[in-house]
Amino acid sequence: MTHPYIPNAGPAARAAMLAEIGASSVEEFYGDIPADLRLARPLDLPAPFADEQGLVRHLRGLLARNTDTTEALSFLGHGCYPHHVPAVCDEVNGRGEFLTAYAGEPYEDHGRFQALFEYVSMMGELLEMDVVNVPTYDGFQAAGTALRMAARYTGRRKVLVSGAVAPDKLGTIRGYLAPDIEVLLAPVAESGEIGEVGLDDTFAALYLETPNVHGVIETRGRQLADLAHSVGALLVVGTDPISLGVLAPPASYGADLVCGDIQSLGMHQQYGGGQAGFIASRDEERLVAEFPSRLFGIAPTAVEGEYGFGDVFYDRTSFALREEGKEWVGTAAALWGITAGVYLALMGPQGMREIGETILARTRYAMRALASSGAVVLHQESLHFREFVLEVPDADALLAALRAEGIFGGVRISPWRVLVCVTERHSIADIDTLAAAVKDALSTSGDRT
Amino acid sequence: MTHPYIPNAGPAARAAMLAEIGASSVEEFYGDIPADLRLARPLDLPAPFADEQGLVRHLRGLLARNTDTTEALSFLGHGCYPHHVPAVCDEVNGRGEFLTAYAGEPYEDHGRFQALFEYVSMMGELLEMDVVNVPTYDGFQAAGTALRMAARYTGRRKVLVSGAVAPDKLGTIRGYLAPDIEVLLAPVAESGEIGEVGLDDTFAALYLETPNVHGVIETRGRQLADLAHSVGALLVVGTDPISLGVLAPPASYGADLVCGDIQSLGMHQQYGGGQAGFIASRDEERLVAEFPSRLFGIAPTAVEGEYGFGDVFYDRTSFALREEGKEWVGTAAALWGITAGVYLALMGPQGMREIGETILARTRYAMRALASSGAVVLHQESLHFREFVLEVPDADALLAALRAEGIFGGVRISPWRVLVCVTERHSIADIDTLAAAVKDALSTSGDRT
Amino acid sequence: WDEQIVFELSRPGRRGIGVPAPDAPLVELPAGVGRSTPPALPELSQNQVVRHYLRLSQETLGADLNIDVGQGTCTMKYSPKVNDTFVRDPRIAELHPLQPEDSVQGVLEIYWRLEQILKEISGMARVSLQPGAGSAAIYANLSMIRAYHAARGEAGQRDQVITTMFSHPSNAACAKVAGYEVITLLPDADGYPDLDALRAAVGPRTAALLITNPEDTGIFNPRIREFVELVHAAGGLACYDQANANGILGITRARDAGFDLCHFNLHKTFSTPHACGGPAAGACGVSEALVPFLPGPLVDREGESYTLNSPTGSVGKIRPFLGVTPNVVRAYAWVMALGAEGLREVAETAVLNNNYLMHKVLRIPGASVPWADKRRVEQVRYSWQELAEETGVHSEEIGIRAADFGVHYWTSHHPYVVPEPFTLEPTESYSREDLDEYAAILAQVAAEARENPEFVRNAPYNQTVHRIDATSLDDPAQWSPTWRAYCRKHRQ
Amino acid sequence: WDEQIVFELSRPGRRGIGVPAPDAPLVELPAGVGRSTPPALPELSQNQVVRHYLRLSQETLGADLNIDVGQGTCTMKYSPKVNDTFVRDPRIAELHPLQPEDSVQGVLEIYWRLEQILKEISGMARVSLQPGAGSAAIYANLSMIRAYHAARGEAGQRDQVITTMFSHPSNAACAKVAGYEVITLLPDADGYPDLDALRAAVGPRTAALLITNPEDTGIFNPRIREFVELVHAAGGLACYDQANANGILGITRARDAGFDLCHFNLHKTFSTPHACGGPAAGACGVSEALVPFLPGPLVDREGESYTLNSPTGSVGKIRPFLGVTPNVVRAYAWVMALGAEGLREVAETAVLNNNYLMHKVLRIPGASVPWADKRRVEQVRYSWQELAEETGVHSEEIGIRAADFGVHYWTSHHPYVVPEPFTLEPTESYSREDLDEYAAILAQVAAEARENPEFVRNAPYNQTVHRIDATSLDDPAQWSPTWRAYCRKHRQ
């Protein structure tokens, strides 16, 4: 019998096909592979499961060794966030058509083009920007590319990056810009916002994040935009679109490029598998020309009133020009773009406002609850969205104590700092549970020391 | 804001629509409902969850109070069986098109008609019968209807039913036949097969089940068919189609009507929600005329070579004739028919043979393993498929002891009898685990007494 | 897609899935017991099976895909996707119905909670969730009616059931199966079931009245209490088919009108998906007097735990085990997403939508509604009689042409008391623009019928197949209810 | 479907989902920080959102639905449905990437196991599963190449990367991003990358050779070891783009040919779904010498437990967290359903299918294949040059017409070294009848092009939309990369 995944593998089928071709064996087709490159033995791999249920049992057995965030009470964030994923998002991205399509033309894949066009269009409304790309890999990549775009646009080779950026992300940005562009760091102020910003006309861009790595909302956007523009640099803002129902879109205070990750908009955490990046700009030809990624646009068809779709300004991409294109483009994270579109269509303006309000309110509630529990909450006077920092005597000890209570208490960002994340998925009761557990843990450890 | 499920509920939308109609309020439309029938207060219902995640959390909380058969090791059967459900079955029956379609015409619902036609056709091959109905509710209903069909066909009002039928099923059959047809029981022999059968020309049918309620395979099919036919009665056989890769199809030994449940063919157990019934016959006009259920058939269309579909002999149904139709027809379990079709298309002849062989072999293995563990295994010399009976001093005590080990050991069918079910999902190691636990339990309880 | 029959895709030696090997000695079966020739099932690889069925799914017009207001009486409402996730959870999907009670407390609690909800909505004393669909619920109610009269020693005497022509055919058909003679009330000049006919029919032989309200015409019978009282006075029971309950949720209750029994279709009013025609779910509500006869078991609450108990005089099981659990879970979740206020919004919006659509449809030349002066609640049975007289195009044909526009409709059950019928029920799920679009499609087809009747009569034009010649389906020499029958009769 | 843009379906006041209320005092935001005007997102009910996106999905030709052999180099194979169930399990879907290691042992074990498998398949010392797709893996490899040379003090000196024209454009483009000058080898008269050109290019400035084999033409370069040795001799590294690995699984290994780095596309060779263009997943394998530079962290096994560790000189994170976990899980499950023997069957069958299809396609008048005397492994880049010369119909146009038959194909990357190209790769997933049908469709379209070139040129005829006029997409005054841009430019 043939394997269920390989219809033509049976000896009879093979023989008939070989006969039709006029070949004696499949080996013939490998004739160009020199003997000394041929693997003379079977691959040494684990024995497979010939039946589906065996495979299921094996995989489920492995999965059972995980404890997920519906079993534990998780306050982990730091770039991957536990927002509620509407069932409709999963329904749509689970459709075989979307899940298994790839790179068809805008005829047979009209739906794919439309869904992605709608995604970028809804992002455009949220961002108040006219140009948004089809998703790139993730927010790290998006930031790196946005800064490279700024460098090409300005013809300069230096960028100033807010110090309030996640170290991993900063590392990726540095690596990505390394060959051409120098990365300098701006200090972080006492408030948790970006501090003193020193820019001159050698800088291509200032990169600001809001909410930043510590959940602090930057409030000096307009001032920083003006400063950057005054020296001919661009303001590049990293943000999470889920905040934009309540936070001003960066374009409104002068950002030239906006970028970030859309995992919040309908993607499960998936152990980090739900990331996808966006970059947005105004509709200025010179800026558009710097996008490496695909841009989908509406085009007329032979029939009046039909919406066709296609690639905007294709001849800037590496698909068209290889190394002469802008950076590179390839398969990235389109399905998450479609999913984020579904999310935004479900939420609408009202839903985005409400979720923002709820996260703001619960974050503040959590900060106060934890401050009352004996931990030091940093940047208490600043505005926070979704995340904040606890300072404690021993981050590892605290997290271990919480873990014992079935709580993933937050991300350890230093030996004495824990980043706590609160979303609309955390009820007030959940927050109270955390606060009580922190109080217990801190008082117990106090007893111990 | 309007509820996500009710687009027109907003006051503005309502007002505009009312204006267009020329009505002043929705109340007007209720004008025919007398005041004394109007409920003067809001319904007293639990407060709803305005947000999806709250609903999810509530439901998941309830579900967490269940322990399912992937968590416990379950040997429960007795009409609902733990077979492996291929992922493709779920993929197909989860498709929105199939899940939410209903009763369209064979044009816009061509796919529904074809999928159900293919289901009955594959069942026809398995059963070696030319007529199979679109699913009825379940195997109980199918048996009741098959016997009523036999009664109408023969014009007689008495049926003989094997005693080796599940009591609940027998109760349902009795209730269903009660107004018109007398039900007599045939004895069960020492072997577990049907015993002495007394039929005369007042009987419409003999109803035989194989494998029967105790998992025993009936071996005298041909003899019983001849006996029934000799007095002008029909042989009606209840069976599980998953056995027919290895067991002879009842038609091959003379059955006139075959019926049963298709839950085994790709339906999850679903706490009993996966049942669906089938009835099959030869293509004899008088028999076909007695089906109450829908029969789908191929029909030509205006274009040569196209397959159209439609209802075969519609004018026998209650849809066409109300109480003058045959029994009744209505929404039953079509999606499970489509799913069973997917299952059979995946399995093919080879898969059906292999699954049958595996179940036969593992059932015998389990019977021997349990006999060695100190329990009495009934009907040891008979052939079994999937189920067999343990006789023990105290069924409740045994099951409770097994439960404590994370095992659902079987269905208690009397104070000292337990029905054990083994499918292809149970590995040899699972069976050994059960046998060891039974041995422990019996020796411990032996110590206590 | 021009998709072949699955058998035509078969090639020897392929398979779609692997099966575990026995790992134990094979069992030999004697001749006549073992199968001698393998079944002629198709042989396909998994990819082919997926492709085949996904294509067939795309050739099926699910409610998810269209403005499904045309399957009147079926209450095609949106089935929330989130509710599907609960029933796919292994803690529902992988539960065996005979597990120990303490291992299924969650699902029992859902049964119990949904029963409380349906009790409140109907006013009944208890509700069984066992029946597999609406007709099964009707049959269950008839079983209880029979048991009730038997318990009072009147089983022989009470051998008649009265129903109405605009109630679902299963009311008549199930009554017949349950052993009753059926009396059907026709509509009177006002479209209501004929009260005089009921007076004439009712008597010592009356076991029950089975009635729908609003009926499938959409008209609510304002004298329903009189109907119930007449039957009660004769010693019969009154049984309410609430298939059309969607427009009256929270507005009026079965028990308050005096009914002794009622049933709901969870797949209609309570949003569980129609699934190509089931699995569905029915719920039977009864008054205190009939509680002992309910199908068993029922879920009782004792403190914080839930147990299964069978009523003393139970009619037994209408279906194996407890019920169609996935749909019970979905219905519960649906109510919990709406609450009392939401259910009333459902009802009012559905009624508003229905009246709005009627307003639009009645502007289409050739469309009419019988008893036009009567108010409509949840659906309307319309008529194309004028159009048919003018053009010779029948309602079925117009419906088939409508499919070319991506929608469908249902005429009505037989007999066609309303001539050239079509029955629309927009429910609360559709937007005003949806209703406008639907009405515009009907208007377009009606215009086509006037301009070019042949064109409409030869539809469809952009469906998978063209006009079907159904004659062979009623000819025993030609009909082919399976592929093997087809091959035997047409491929020799 | 004639489906509107989602904004056109919007009506004020509707919503698709409810959001939890704050349950705590609202936070006031100062002017300029808070949003002043709500975003002009569409407002739809949930039913409408479902309907809209399900319709769009039906207007998308997924690999599940068609004989998807035409997207050559993309390895469109069947993605088993069972593997999707694992990643939908909350124990994958709801895992946070920064959970304590002891709470994610299952997923870490899967990472570790898949790494062992890919090590064996490639012969490499270690494999990172972090990159988000193939191009990201190329970039990751370049980052390691850069770090390697930097560690040896040759960062400044080695500033050139050599690649070939029939390797994916990202090999050239990522090299450029990584700071390298790019030298591209053209095919020689035999279709192989020009060895003399390599000899000329290689030298002290050579950082690495990035090469695909078989190349996108389907031709396996038999002198690949010479290429590698030449580069090694010059002190450069050899990096193998194994996007086309499907036909050589278990046949030949990257490390055995001397390569220092390689990458696989899990969404191609290892069956994870292409998802409209990602999320995908790449895997970078390296020799011992490059292990210190791998992106981190990697999963190590210590006894029965698994831990995360970063290589000492790691290039850091190519992507946040550990990788595209769902695809790692799927790829692992796919291998575990096949095993060593199965993978070899995959390779051999894919190659057989490819040669069978080539045999069929070459019988179509007007179709040809350059370097026809060379053997093909996994795919073939064909040419319609003859047909184009005869009829004036271009390859793109033929592909668009093919869509009317429910299939598609891809031409090639630019520049079109093969004139009028089309690239087919049937993989192991398609049956002989599928290949016959596909070839028959191409033959049919070619015949149409001869009979009526205009007819083909004006296709499609039965797709959602008709022939698109793409000129506006390159005109800044007209292009509309979002709806708001469209409304501004075209709806004023």
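By written order: A, B, C and D. Residues from 1 in each chain.
By our rule, contacts are C-beta pairs under 8 Å (C-beta built on N, C-alpha and C of every residue); 3 or more make two chains touch, one makes a residue touch a chain.
Per UniProt, the chains are A, B = Glycine dehydrogenase subunit 1.
All values derive from a computational prediction rather than experimental measurement.
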item: Same-interface partner of A-D, chosen from the options B-D, B-C or A-C, over half of the pairs matching; value: B-C
item: Higher-contact pair (C-beta pairs counted), B-D versus B-C; value: B-C
item: Whole-Å separation of chain centres (CA-atom averages), subunit C against subunit D; value: 47
item: Distance between chain centroids, defined by C-alpha means - subunit A, subunit C (Å); value: 45
item: Inter-centroid spacing, subunit C versus subunit B (mean Cα positions, whole Å); value: 19
item: Multi-partner residues of subunit C (at least 2 other chains); value: 11, 14-21, 44-48, 50, 54-55, 58, 64-65, 78, 80-82, 84-85, 406, 429-432
item: Junction residues of subunit A - those touching two or more other chains; value: 1, 3-7, 13, 49, 51-53, 56, 60, 70, 86-88, 90-91, 96-97, 346, 350, 424
item: Interface residues, subunit A side, partner subunit C - complex; value: 1-7, 10, 12-13, 49-54, 86-88, 90-91, 96-97
item: Residues of subunit B touching subunit A in the complex; value: 1, 4, 51-53, 56, 60, 70, 84, 86-87, 91, 96, 346, 350, 424-425
item: Complex contacts: residues of subunit D adjacent to subunit C; value: 1, 9, 11, 14, 45-48, 50-51, 54-55, 58, 64-66, 78, 80-81, 406, 429-433
item: Of all residues in subunit C, those that touch subunit A in their complex; value: 11-21, 44-48, 50, 54, 80-82, 84-85
